[in-house]
Amino acid sequence: MFRASLDDAKNLKYIIESVSDLVDEAVLFLKRDMLSMEACDPSLVCKIELDLQSSFFTDYKATEERTIGLSMSALRKVSRRILLGDGMFMELNGGTMDFTLQSSIERQFQCMLLEAQEEVLPTIDVEYPVFIDMDVSVFKEGVRDAAIVANSVLFEVTPEEMIISAEGDTERARIRITSTNESVKEFRVKEACCSRFNLGYLVSFLHSSYISDSVHIYMGDKNMPLRIDFPVEGMRLTFYLAPMEL
Amino acid sequence: MFRASLDDAKNLKYIIESVSDLVDEAVLFLKRDMLSMEACDPSLVCKIELDLQSSFFTDYKATEERTIGLSMSALRKVSRRILLGDGMFMELNGGTMDFTLQSSIERQFQCMLLEAQEEVLPTIDVEYPVFIDMDVSVFKEGVRDAAIVANSVLFEVTPEEMIISAEGDTERARIRITSTNESVKEFRVKEACCSRFNLGYLVSFLHSSYISDSVHIYMGDKNMPLRIDFPVEGMRLTFYLAPMEL
Amino acid sequence: MFRASLDDAKNLKYIIESVSDLVDEAVLFLKRDMLSMEACDPSLVCKIELDLQSSFFTDYKATEERTIGLSMSALRKVSRRILLGDGMFMELNGGTMDFTLQSSIERQFQCMLLEAQEEVLPTIDVEYPVFIDMDVSVFKEGVRDAAIVANSVLFEVTPEEMIISAEGDTERARIRITSTNESVKEFRVKEACCSRFNLGYLVSFLHSSYISDSVHIYMGDKNMPLRIDFPVEGMRLTFYLAPMEL
């Protein structure tokens, strides 16, 4: 038996928006103390990890652990119907996961379970030399600035600053965020790093940025994936992105 | 001679939006006490009836009764130029119907009259076993919930509740509105009914939903058309929709 | 050396929007007391002239006069990143014009200089028999009214009124603005004029209308170009549009 409910399903709406942009199917782990999700995009360039602690939900009950597959395009359709202030109740029922949206009336959506894929997704366990905690809005605008100029972006970090830059045929963008900027809460750099990433993926990650006021950026040298977290009480939402050739 | 004016043309704007979505040409009856309109979509799946009483208008004068045809795409262009708070004056002039929008300046649009079609539109006179008067917003969201999942929707009504449901390949939606829900003002059911309808038409009808806080739903068994009214003082706007195979 | 800064780059954003709609490249004259721009659309139907006085800028310094070319599509990309309240600093640096947007962080865009075209753009020096100063919103709505009906618009001006009209296959629009209308500040007509213009160009000009509350319209007989100014303190933004066959 699996059941969970939320008083306000808004954050879930944003997360599904972001994940469904990147992934066709997701594997959900219905555990006793949390609902976890893992998914990779088809080209294995990015990985998404989501842990929703039981405390994230208003009610949460899983009497047996289970792994299920869900179509992200089906979930996206449901998420589009989450209106401002809607509560959500989700329940596993035979071959479907049922989502009930609760406002003055009840609206129920059933999504058919898919075979959870056998393949084991890669585990990423890295010690990062760079950690930055900053206002999500400033990081988001920086990425958007870069995105108008090119398809890839260079992140350069020194103990003093982070530079986001992109280069098109006739124009260049360069965003400089100093470690002492008011939007930066923490800026830990063991060694200067420089790495290039695909902007399309980053823009999809940022669909989730509405759930949090800040973003945690973990970075390393040119062989390490970028890690982006949007911290919210009771949950962990982590995006990994493989680097491009410099 | 035909002349009519409105202090606020907003409701007319919404109605034209809805009707022009479904119909290429409309037949207008300029009567002494009201302006009436009848139109069917080309496939005869839906019918729209509109009665605008003389009391709906600020001024209304028709000295001789007349039947005219108007292009709905021309009317739609005019309706798009109705700005918030614009008054409207309409007048029949030889071969055109002239619409004058009045804010601080006068903007006049002339639409050429079309030959009013000879063919008589079907008259629908049915006694419905189901009548529901409810908040238009709740009904609208229910229809939209169904529309993300499939192209057709099933309405099931019992004395206790109305169920709106739709079924796609991998997901299902089911909206349950009980007769005692706070959004329901009247819920009269002589016999339980069940009928299926095309969602595309329903969504077009709902463009008109902005004119009214409530919707009147008349329904019967699987051979009866659905009837949807958006009640406003001084007018009657009725949509009929033929049922699909169950 | 050329440097200029603005506390609020909003108006520049709207102007670039409008100009980039019409023109691929623009020639900028960096003069000691003002930044000027001239551009024609590829078919030479319209011409845009812009003078930004040094007083328009918070700071302005040009130590040598210079003429440069800039890609309007590159400028448009930069202008799209100007957020509400952003300051802007622009500086000529070797082969690029650098635009720095300043909010809590600095975001720099570099646009490569193009060869300033040798060809001299036509100079327009005409005495206009008609001058109208009116609310820009009223003129804008009038042009939009016409644009839904046809691709060209007729302007007819007499000492008593201005008539904007357009004629489609089955509908006609006619907007009448009397010289005594409250939206009209000045209405000087030496002789009645009538001229036809392409609506596509006019609609592009009006993207700039956000910078000003009023519009100055200069008009003449059917062989004279229309002149449209959006007056703002410290700058001149002028659009010329060649007439069509009547």
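Letters A, B and C name the chains as they come in the text, with residue numbers starting at 1 for each one.
As a convention for this text, a contact is a pair of C-beta atoms (placed from the backbone, for glycine too) under 8 Å apart; a residue touches a chain by one contact, two chains touch by 3 or more.
In this text, all values refer to a predicted model and were calculated from it rather than measured experimentally.
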| item | value |
| --- | --- |
| Numbering shared by both copies at the subunit B-subunit A contact, with half separating same from different | different |
| Rotation, 0 to 180 degrees and nearest 5, that superposes subunit A on copy subunit C via CA atoms | 120 |
| Where subunit A and subunit B are represented by their mean Cα positions, the distance between them in whole Å | 43 |
| For subunit C, residues that touch 2 or more chains besides their own | none |
| Contact set on subunit B toward subunit A in their complex | 138, 141-142, 144-145, 148-149, 170-177, 181-183 |
| Interfacial residue positions of subunit C with respect to subunit A in the complex | 71, 74, 77-78, 80-81, 83, 96, 101, 104-112 |
